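You will see chain A twice below: alongside chain B first, and alongside chain C after that.
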Partner chain A sequence: MELKEKILKRLPDAGFEDAQYPTVTVEPDKLHELASMLCREEGYDFLVSLTGVDWGDSLGVVYHLARSGNPLDMIVLKTATADKEHPQLFSVTDLWETANLNEREAYGLLGINFINHPDMRRLFLNEKWKGFPLRKDYDASPENNPLSIESEPFSDKLRSLSFTTQGDIIEKEKELFGKEEYVVNIGPQHPSTHGVLHFRVSLDGELIRKVDPNLGYIHRGIEKMCESMTYPQMLHLTDRLDYLSAHINRHALCSCIEKAVEIEVSERVEYIRTMMDELQRIASHLLGWSAMCMDMGALTAFIYGMRDREKIIDIFQDTCGARLIMNYNVIGGVMYDLHPDFQKKVKEFIPYMRKIMKEYHQIFTGNVIADERMKSIGILSKEQAVSYGVTGPSGRASGFSCDVRKHRPYAAYGKIKFNEVLREEGDTFARYMVRLDEILESLNILEQLVDHIPEGPYQAKTKPIIRIPEGEYFQSVEAARGLFGVYICSKGDKSPYRLKFRSPGLSLVSIVDLISRNEKIADLIAIGGSLDYVVPDIDR
Partner chain B sequence: MEVKGIYIKGVKNEEFKDTEYLQKYYVEELQQNGSNIVIGALDDLLNWGRSNSLWPLTFATSCCGIEFMCVGAARFDFARFGFEVTRSSPRQADVIVVAGTIVYKMAPVLKRLYDQMAEPKYVIAMGSCAISGGPFCESYHVAKGVQEIIPVDVFVPGCPPRPESLLYGMMQLQRKVKLDRFLESAQKSKKRRKEAVREIRENDGKLK
Partner chain C sequence: MFDFKVLTQWIDQSLRALNLPDFGVLVIELVLVGIALLAAYAILAIILIWFERKICAWFQCRLGPNRVGIFGLLQTFADTIKILLKELIPINNNDKILFYLAPFIVILSSMLSFGALPFGKGLQAIDFNIGIFYMMAVSSLGVLGVLLAGWSSNNKFSMIGAMRSGAQMVSYELSVGLSLLTMVIFAGSMQLSQIVNQQADLWFIFKGHVPALIAFLVYLIAGHAETSRGPFDLPEAESELTAGYHTEYSGIQFGFYYLAEYLNMFIIAAIATTVFLGGWQPLHIPGLDGFNHVMDYIPTPVWFLGKAFFCIFLSLWVRWTFPRLRIDQLLHLEWKYLLPLNLLNILFMALIVIFKWHF
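And now, the complex of A and B:
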């Protein structure tokens, strides 16, 4: 490998591994050098995921890097520090903006300090939270952190560590908001934040100066829970992450495990999964559309969207027995075979949806008020989208071609023809339109598949206890909001050593500050609607 | 009055299964000493109005919230039963449907929302997360049920509950409201307060 030689020339003591993806291990003080070489010279400009891990005797971080031209040709960087009292690693926020929130997450859950990070506050937990939950020696007894109904003040001090010229580490503090700034709270209970998201917005008249997202109001600790569950047990948690992409998330975890233990799934299963994913995507985009329109004042659109979503839910309900949290994919296949009416209902649904889409455009898209509120508002450039790791419809609206279904086809996506919906403008309107166009694209996919579902078993035989061979695995799928990834680090046990969900939502919320600066406060709502984040997916 | 006599539009009385609680606490305890005819009749009138216009707060933390939205949308439409519109401000809402997981960081916020609502106020705990922590009860950051934070009137189990069961739960709340003795308890508490004041006076300003 050419790249390997280049790295070795620069850093002779880097360790190489040929796992699922090429993996490079370096000492913490060399990491930044390697990262900036990969980012600036080799074109690895997309940080797919950043995972903090407690390796037992050391604390480390795993970086999955990719090139924006081909988001799934990945390389993995690893580093670790043995100092568990005061773990310090170098921040890579100057290379990839998306590292900002991810490093804060690693700080909050594992206690790793990142040198040169501008804002070391805990991301999800309160500042006073005792212990670091993702560490292996975390004491989870409720006495340490009792349930309290007293509001705790937020810390507005941005702490940052940096080197002086003499080589000492110094700590600096900065206030988040100046004394003269006028700060308004939006959320956590606010109908337009799509859940419990808390923004603190600094205003100058009607214009937004700064937005500080405050996360963690629905941090459920799923990743830690997974570490003590067996693989079949933990599946149901994925449905509850981004419940609007329930099938798709679960698909990701199932196929990650299937790849790791080499279970073959039948062609029928792949077709079923693909169709379910696409139905789910339509349902999710419909809800995203309805909610966005409702936030902008069009209640009729909400009623329309929910009405049509019920048609998909009926299809799900026949086969899976549930409406929202389907629990349908299992390791090696799906839970039940398709309902006899499935094909008929899907075939009825496709023309219906095509027809009703025209109506959607009539009632909302062409509306002058809606246009004024969406066009040229909240612009995200392609470079920013890549650097912040914004994928899915929001990334594609900025021209970032990041559709996993295209770049690394999984399930039955390799066998069908479909277009990746791309736009250049990157404004609220583009995000809105990409979502609606993707519904049509999904209908095309369904049309190609629905008559050709092959016969075969719907479930492979698996052992009740599944052990994944030692190693690290990463699997990504295209969820309704972007690239959803599962990283499993296994030590050969029946439960994972570390499991991380790379959620598309965290990147989406990280750009709110960027794209809503100097827009009007009312536009923040439309921008939020067009990003269509789901908060439990952000907080996990 | 008996629980049996409560009329809920569109649903037969026999279809409500859980009545023991209402019978025991609401009917027997509240009305143990009988009630004044005028106030009782006024109460009935008030309850009729209140129970048919319980406005929920727009409040959802996670998955159950989507089902809550579905119940509000065209197909299930809780406006049919008087849950007319969801209100975004707690000060305008009568009932809070806790739809979704409540985590430690959210607990103070939920408490504050509840405190901001005007009396009389009601709480429906929707979904297993709100009842007991549900699938996340092992987690370090999830509250084991909202009753640790605010008092709950109706529990609706499920993960997520089907829209029908949420509607059933909401009607149970209506039945509960219909049994309320709002004016009467106000009067009783007035009487109780007076007695307490007299007692304090008799004891030279000292509480016993």
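And now, the complex of A and C:
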């Protein structure tokens, strides 16, 4: 392997493993050198996921890197520091912007300090929280962190660690907002943040100068909970991440586990899962479209979108018995076979939706006010999209070809023809259009599948307790909002040693500050609508 | 046509027959008129809210209120009772006096202009010789209440909403004023009763050629913006500023803003009716005497309300179709398009009046 030789030439003591993906292990002080070599010379410009892990005797970070040309040709970097009292690693925010929030998450949940990180505040948890939840020796007793009924002030001190010329580490502090700045809280209770998301926005009249997202209002510690659950149990938690792509999230976890324990799923299951994923995607995009229109003041459009989404929800209800949190995929198949009416209803829905899409364009897309408010607003360039790890419709609107269904087809996606919707502009309008065009593309996929569902079992027989062989596994799927990944690190137990969900929402939130600066308050709301983040997906 | 003067003069004479002093008669009449107007104000607001809900539901493929009473007619009454029973939540750290004063200013300004409207033949409480001027003057007082509300709430969202409102009202007041002025040039009078009487044969919108039509359209847009509804609801901008200037208000204080908003919509429509659509005058087409005679049998208040509700329907149509403008678009629309158009239109109208090109 050529890359391996190149790395060995530069760093002779790097360790190599041939797991699911090629894995390189390096000492912490060499990590930044290797990372910058991979990023700048080898074209690994997309940091798919950054996971902090407590290895027992050391604290480490696992980086999944990919090239933006092919987001799933991945390489895994690993590093660890044995100093658990004052763990310090080098930050990679200068190489990949998406590392910013991810490293803050690792700092908040594992206590790893990142040197040269500009803003070491704890993400999800407040500064007073005792202990680091994702560490194995964490004391979760309620006495340790009693429920506070006092309102706690936010920490506005940006702490950063850096080296002096003498080689000592010094700590610097900077205030987030100046005293004279007019800071408005948008959220956590606000109609347009689509959940309990909190932006602190510094305003100059109507213009936005700075946006600071404050996350964690519904952080439930799902990753920590998974560590004490068996694999079939934890499936239910995936539906509660991005509840608008419940099927797709669960599909990711199921197929990750299936790959790890080598369960073969029947072709029928692949088809059912693909169709459910696409229906889910349409439902989610419809809601995204509706909510965006409502954010921009067109309430009628919102009602239209919700009306048509209802038809999909009814199809789900027939088969899954539930409307929002479906609990449908299980390890080795799906929970129930398809409802007898399923095919009929889907076949009715496809032409209906195609017809109604024209109405959507009439009511909103061509409108002069809507056009003026969306075009050339909130521009995200392709380089920024890659660096910030923005995937899904928002990434594709900037020209970042990141559709997992195309690049590494899973389920039945390899057997069908469909286009990846790409646009170049990267503005709010492009994100809006990509979402609408993807609905049509999903309808094409459904049309190709609905008449050809093969016969076969809808569930493979599995053992009641599933043990995943020791190793690390990563599976990604294309959720409605972007690349959704599941990273499982197993020690051969019935529950995972560490499980990480790579959520598309976190990267979406990280670009709000970037693209809404110097736009107006109304544009921030429109940009938020076009990014279409879902808060439980961000907070996990 | 039934002249309501018959009724009002009968009341006046029967009061004088009681041998009351002149001053006493005046006081009693003022109280009676006041009660009648307040009742009309409240009832109109309730009807308007119901009307909007039904229309909006129709646009959105829904049913709208349909549980309380037939067609949900009693729904708004129930809601009114509910809002009256709601607690007024006191706010800490605000300017108490201004905070409580603001809703009254808003409702006062809409009440003042409501009182001067000609609802039917002989059905006008007070007929100023500067009627149009008076209307414009008192209806623009409302923005004071909005600004005070935003300032005194000590809330940043309210503040932004109030500032937007200030910019919006001051700008669109110009277009409203200028488009009405166009018609004043045409009518040659500011007195509402005279303006209405001049339209007995043909409404101004037909009489006044193209400039009247342009003025009507500009007035509808600017007037709609004045009411801060529909695509122009930036001061409230629910999805941006939660509720804008009235975020901190609760109970009937909020109810006052709500009421004033609906009544302002009615007042704008009523002025449009009076100035452009013939007020309470029935539809007359020169030459068709039989038709004109039949039209006279429809009572004048019905004509007035019918036309006003038609204008309100237009405004609802716009409101439930368009997305909200952004503040810069809003000001561009006024200062770059409506205002120049209006100024040219006035000139055009003046030429038409000078050379007598009108019908």
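Simple rule for what comes next: the second predicted complex is superposed on the first by the 540 of 540 C-alpha atoms of A that agree within 3 Å, B and C clash if a C-alpha of one lies under 4 Å from a C-alpha of the other, contacts with A are read in each partner's own complex, and residues count from 1 in each chain.
Just so it is clear, a contact is a pair of C-beta atoms (placed from the backbone, for glycine too) under 8 Å apart; a residue touches a chain by one contact, two chains touch by 3 or more.
Bear in mind the structure is a predicted one, so any value in this text is a computation, not a measurement.
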Chain B versus chain C as contact partner of A:R240, first or second or both or neither: first
First (chain B), second (chain C), both or neither touched by A:E97: neither
Between chain B and chain C, more extensive residue contact with chain A: B
Partner chain(s) touched by A:H190 [first = chain B, second = chain C, both, neither]: both
Contacts of A:D532 with chain B and chain C, given as first, second, both or neither: neither
First, second, both or neither for A:T300, with chain B first and chain C second: second
Partner chain in contact with A:A522 - chain B first, chain C second, else both or neither: second
First, second, both or neither for A:D437, with chain B first and chain C second: neither
Which of chain B and chain C A:L147 touches, first, second, both or neither: first
Overlapping contact positions on chain A, where the chain C interface meets the chain B interface: 190-191, 303, 307
Touch list for chain A against partner chain C, complex: 182, 184-185, 190-192, 203, 206, 293-301, 303-304, 307, 363-364, 367, 369-370, 372-373, 520-523, 525
Touching residues on chain C, where the partner in the complex is chain A: 59-62, 156-157, 160, 164, 231, 233-234, 237-242, 320-329
In the complex, chain A residues that touch chain B: 124-126, 133, 138, 140, 145, 147-152, 188-191, 195-196, 216-222, 224-225, 228, 236-237, 240, 243-244, 287, 302-303, 306-307, 310, 313, 323-325, 535-536
In the complex, chain B residues that touch chain A: 58-63, 65-67, 69-70, 73-75, 86, 88, 90, 100-101, 103-109, 111-113, 135-136, 138-143, 148-149, 159-160, 162-163
